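Note that the chains are named A, B, C and D in the order they appear, and that numbering of residues resets to 1 at the start of each chain.
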Amino acid sequence: MILSIKNISLYYGKAMALDNVSIEIEDGSVVTMIGANGAGKSTVLRALSGLVKINSGEIWFSGKRIDGTSPTNIVKMGIVHVPEGRRLFPALSVMSNLELGASLRKDKAGIKKDMNEIFEHFPRLLERRNQSAGTLSGGEQQMVAIARGLMAKPKLLLLDEPSLGLSPIMVDELVPIIKNINQTGVSVLLVEQNIGLALRVATKGYALQVGKVVMQGDIELFKSSDIVKRAYLGD
Amino acid sequence: MAESTILLIVATIVNALVLSSMYILLALGFTFLFNIMGILNFAHGVIYMIGAYICFYMATVVGINQWLALLISVAVVGLFGIFMERFIFRPFFGNINSIIVVCIGLITVLVNAVAISQPYNVQVTPAFVQGILKVGIVSLSWQRIVFFLIGVSLLILVLLFINKTKQGLQMRAVAQDLEGAILQGINVHFVSALACVIACALAATAGSLMGSYLSLTPYMGNDIMIKVLEILVLGGIGSINGVLFAGLIVGTLDAVLPIWLSGTATQAIMMLIIIVILLFKPQGLFGKEVRA
Amino acid sequence: MGSMIAARDSSSRRKNYTQIILYGILICFLLFIPLFFQSPYVLHLFILTLVYIIAAASMRFIMTSGQIPLAHAAFLGLGAYVSAVLSKHVGLSPWLSLFIAAFVAMGVGIFISFPFARLKAFYYAMVSLFFGVGLLQAIESLGKLTGGLAGITAIPTLFNTASKVPYYYCFLALTLVSLVILYRFEVSRIGWNLKAIDQSYLVSSSVGISEVKYRVLAVAIGCFFVGLAGGMYANYNVTLSPSSFDSSVTLWMIIYVTIGGMNNFSGPIIGTAVLFLIPQYFSGLKQYAPFISAAILFLVIFMFRNGLVCIPGLLMAFYKRKKSTSKSR
Amino acid sequence: MTKKGFPFLLAAIMLAAILALTSLPGCSSKTTTATTTTTSASAQPIKTYTIGLCAELTGFLGAYNTATVNEAQIAVDMVNENGGIMVGGQNYLLKLVVEDGKSTLDGTTAAANKLIFSDNVKFILGPDAYFNSAVSGLCEQNKIMHIGGYCTMQPGELDSTTTYSFLGQGASINYFTGVLAYLKANYPNVKKVALTMPDDGSIPYFGKAVQQMVQDAGYTVAGSIIGYDNNAVDFSPYAAKVMATQADAVIACSGVVLPNGSILKNMRDAGSNMLFVVCNSVIPSDYVKVAGTKESTGVVDCSACYIGAPDPSPILQEMITRYIRSIGGTGALVTLEYANPVWELAQLFNKANSFDPAVVKTTFENMSSIETFYGTGTISGLKTFGIKHAVSYQLPITTIDNGVPTFKQWEPALVP
C-alpha cells in the first residue's frame, strides 16, 4: 500500500467538503476517482499535496504519516500533483517549465537524462522546447504539465482532470501516456469527470458524491454499474 | 551663452541618468515584492530611509569607511527584510487592507523613532568619492558618475540573477503561478524571503548612496515613494521592463522639467503627462493587469 | 406554512423594534453631547470625527465593489478646496459651495473612474493613489488661488459665530443623513450588485450586470459624499493645506475602515471614532503620541483580523463556549 | 439585520467610553490656569501663569522645532529664576504648554484650537514657517494675543487686520534686510542678483516684497524669482538655472538647509564661483555638511543662528551655557525663534501689569524698543506689514570659506 487515506474530513469555513473519506492505492496501480463537479475530488488531491489542511483523519504514504507536512516535503517524498487547469508558467519556455518540475532535485546529470527521455516520449515538446508555455495548444500544455510532474521523479502521480478542455482525439492520446507512466513504476491517482478515460486506464475506482465515498472497488464493478452508466455515460 | 547651454545639456543628461538609476533600484525592489508575494509594500520608502540612516550612523558616529558602512547597511536592512517577510507580510498574505495597516504601523514607528532620536542638525553621509571630472568646459563630480555605474551594475546583476539562476527561475515561476509553483515543491517562503531581502538590500543601497548625494531626513522616504509610484503606474505594475523604461522617463523628466518650470508646477506637469498616458493605456506601458 | 411565515414576520418585527430603540438611544446620546461636554475643544474633536466618519464610510462604500480608492483623501481635499475657493474668492454662500464641492468631486470621480474601471484591484489601487498625488499637486500648483503648499486661510464659515454647537448639530445631521443614504444604497440592489462584482466579476457579467457601470456608480456615490465631507471640513476649519489630504491620509482612512471592520457598515464609524479620538487623548505625549496610534494598529490587526466590530461576536462565542463546557460538566 | 444592530450598540458604548476619556483632559485643564504654590524664599505665595506655545514637534519641522522649543523652555526657566513676573502686586512664575502642529497648516489650526479652548491660554507664541496664518485668525476671533516666530507674509499672517498678532523677531524680512545692508557695504562689485526661494506659495507674497526691497536697495534682479520644489529629489536643475542668469550673486531668500546647500554644491561642482548669499534660520556649519568642505566657499550668511560672536550679552551667554548643558554636548544655538518671544512677553507682563491680552497688546504697540537675547530690539514694520507689530534686532553675519564659518559682525537689521 503506497498511499492510504484514513477517514479524512475537511471543512471550508462551515461548509463540509470531505466527509470521512478513505482511499487506498496499491504500489504500482492506477486508481481513479470519479464524481460530479463539486464532489470533493480535487479537494482530496489538494489535501494530499498539502495545499489545504484536513480537519480530521490521517494520510499515510509509504509508511509515513504525511498530513500536516509542507507541500515541499510532500513533493520531496514523491507525491506530485498535476493540477486541474494545468497551472503552467505561461511566460516561461517549455524547458524552464520542465526544469522547475525538478526544483527539488540536485543531480544535474539525472535531470538532463530525464529531460531527454521526456523529449523522446513527447517529440512534439522537443520541437517547442524554447516556446513559452502560454502559446501552446491545450493538448501540448497538458503534455507539458504531465512531463513537468514526471521531472520530479514521483512515486505517486496525482492527475487532476487531464482531459479537461481537450478534443476527443487528444483524450485518446492520454491513455497510452498514462499507461506508459504506470509501467515505469509510478502509481497514479487519476481524477476524472471523463469516465470513459478513467475506465480505460484504471484498475480500481472510487466514486465521490458531495464529499463522501459512495462506491468503491475493482474497475470492472464500475464498468457494470448501472449507477455509473446512468450518471456518466448517459444510458 | 552657447557654452552655458552645453553645460546645461551635459549636466542634465548626467542627472537624468543618476536619478533614473536610483529610482529604478527602488522601483525594482517594490516590483519584486509585488510580483512574488502580491503585496504593495508601502513601507518601501521607509526601508530606504532606514538604510540611509544606518550607513550615515556607521560612517560618521562609528567612523568606519563609507563603503564598509554601505555594506553593513545593506546587510542589516536585508536581515530586516527576512523579519518583514515572516512577521509582517506572511500573516496577511493576499489581504491588501491589512497589509496597509501593518505598513502604516511600521512607517509610523520607524519614522517617528528616527525623528525623535536625531538631534536638530543637518545630517549628510560623507562623500563616497571625491573630486571633479573635467572634460573641456564640462565639469562633473566623480560621485555622480560612480553612483550611476553602481546603479547600472546592480541592475545588470539583478537581471542576471532573475534570468540565469535557479532561484531566479523559481522567483519567476512563483510570480506567474503561485499554486503551480507550490506543487513543484518550490519553497515559496524561501523565495519570498529572498525577494524581500533583495528588495530591501536594493532600497538600502539607494538610500545609502542618496544619503550622501542629498541629505538625510526621517521623511526622505515619502518623496521618493511618489517617484516609485509614478514609475510603477507608468511602466505597468509588475513589469520589470516597464520599471526600466518608466524609470528612465521619470528620471529624465525630473532632470529636464525644472529647467523651464518652477517648483511645484514641475511635479504637476509630470503627473499630467503620466495621467494623459494612462488615459490611453490604463494598465501602463508594459502592464497586463486588466480584467477581462 | 402560512403561520410559519407570520411567526417569522413578527420575530423580525420585534428585532426591528430593538434595532430602532438602539438607534434611538445612540442618536439621543449624540444629541446631548454638547450638554455633557461644554469644552469647545472636545466639541471640535467630535465635529472633525463626524467629517472623517462620512469620509471613511464613503470610502468603504467604494471598497464594497472591490476597488481600493487610494485617491479618497485627495477627493476630500478636492471638495474642501472647491468649497473654499468658491466661498472665498467667488463669494458664494458656503452653504451653496458645500454642495457644489460634492458635485465637483463626484464629476471628477466619474471622469477618472471610467478609464480605470476595468483594472484589477491592485492596479486600481496604485493608479488611484497616483491620481490622488496628482490631484494634490494640481491644487498645490494653482498658486494664489489655493495658497500653494502653505495652504489657504480665512475661508468663510457656515455659521457666523465662534460657538461650536451649531456646527456640531449641523454636522451631526449631515452625517446621519449621509450614513442613512449610504446604508440604503448598500442594502439595495445596487449594493448587492457591487458585492457581486467584488466576489466574482465573471459571474456578475454573465448574469448581465455591467461591471464598468456599477464600478463607476460606486465611485460616483463615494466621491459625492467625500466631497461633501471636504466642503464641511473647509467651511468649518477655516484653514486648509494640501498636506492634510496627502497619500498618508488616504492610507489612514483605509486603516479607519479596516480597523473598524471592512465587512460591516458600522466598521468605518467605529474605526474612525476609535483611531481619531484615542490618540487625541494622548496628545500630551507630544512627539511620542504617534506610537500610541501605531500600537493600536498592531494590537487590533494581530488580535482581531476582522476589525473591532467582530469583538462582540467573539465575546459571545466565548461566552457560549464557556456555558456549554460548564453544562457538559 | 440583527447583526447590524449590535455593532451600532457597540459603537454607542465605545463612543461613550472615548468621550469619557477625552473629556478628562478637557475638564482637568478647565481648572483655573493660575495655581498657587508656596515657596520658602518669600512669605507671599507665588502663583503660576500658563502661556501657550504652538510648535511643529512632528513632521518635517519636527527636529528643528524641538530644538527651538527647548530654547523657549530655557528662556522660561531664566525668567522664573530671576523671580518670575509681577502683575498687580502678585508674583507669578511662567509655565509653558506646548501643542504639536504636526508641520501642517491644519494640524497647527488644531493645536491653536487646543491651546485656546482646552488649555485656555490667553497668550500664544509661535508657530514657525508659514503656519502663522492658521493661528492669527483664530487669535483675532477669540481676542488672544499671539507672538509669532517667523513670517512668510501670507495674507492673514500679519497685516492691518491682525491686530492681536505680533512678530517676536522680524525673521525672514529681518534676515533679508541684514544681508542686503552687509552686501551693500562689503561687496560693491555686486550689481545683479538672482533670487531663489521654495515654491511653497510664498512667492506671490514674500517673494514680491523681497524683490521690491532688492530693487529699492539699487540692485537689478536677474530674471524672475527661481522657485524650487522643497521636496525635489535633485536640485541640480535649479543650480543650472541660477548659473544661467549670470548674476553677480544669488540670494537664497528663505528655505531650509537641504535645497540651499544642494544648490550651492551643484553650482560649485559645475565650476561656478558666484557669490552665494543665504538668509534663513540655519546653522551656517550645516551648509558645509550638505555642500561639502571644498564646495562651501564664497558664502555670506545672515541668520539668527549664533556661532560665537565676541562679547555676547549676559543673558545670551546664560542662554548659550544652559542650551549646551541641556543638549549634553556641543552644538550651535539655533535661532531663539521662540525664546525671544518668551523673553519679550515677560517684559510686557511686567510693564502692562495685566494678563488682559487687550491691555498687553496696547502696551506693546506703544513701546518703541524691547530687550531681546540679541540686544535691544526695535518695534517697527509699518511699511512692510502695514502695522507696527514686528520686533527687529541686530543679527550675526557669518561667511563661509573652504568649509570654515567665520563670524564677521553684528548687523543692525531693521524691518522698515
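In this section, a contact is a pair of C-beta atoms (placed from the backbone, for glycine too) under 8 Å apart; a residue touches a chain by one contact, two chains touch by 3 or more.
Everything numeric in this text was worked out from a predicted model, so none of it was measured.
With centres computed from CA atoms alone, B is the chain lying nearest the middle of all the protein shown.
Centre-to-centre separation of subunit C and subunit D, using mean CA positions: 37 Å.
Chain geometry summary: the mean Cα position of subunit B and that of subunit C are 33 Å apart. Separating the CA-averaged centres of subunit A and subunit D is a span of 74 Å.
Separating the CA-averaged centres of subunit A and subunit C is a span of 49 Å.
The set of subunit A residues that touch two or more partner chains is empty.
Multi-chain contact residues of subunit B (touching two or more other chains): 112, 115, 222, 264-265, 267.
The residues of subunit D that reach two or more other chains are 58, 62, 66, 198-200, 203, 230, listed in rising order. You'll find the chains touch as A-B, B-C, B-D, C-D. Against subunit B, the residues of subunit A that register as touching in their complex are 49, 51, 70-72, 74-76, 80-83, 87-92, 96, 99-101, 103-104, 148, 152. Residue ranges of subunit B in contact with subunit A, taken from their complex: 166, 169-170, 172-173, 176-177, 179-187.
The touching residues of subunit B, when paired with subunit D in their complex, are 4, 7-8, 11-12, 15, 18-19, 112, 115, 118-124, 127, 132, 139-141, 210, 214-215, 217-219, 222-224, 227, 254-259, 262-267.
Chain contact summary for the complex, subunit B toward subunit C: residues 34, 38, 40, 42, 91-92, 96-98, 100-105, 107-109, 112, 115-116, 222, 226, 229-230, 232-233, 237, 264-265, 267-268, 271-272, 274-275, 278-279, 282-284, 287, 289-292. Looking at the complex, you find that subunit C touches subunit D at residues 12, 15-16, 18-19, 22-23, 25-26, 29-30, 33, 36-37, 39-42, 44-45, 48, 140, 143-144, 146-151, 153-154, 162, 237-241, 243-244, 261, 264-267, 269-270, 273-274, 277-278, 280-281, 283-284, 286-287, 289-290, 308-309, 311-312.
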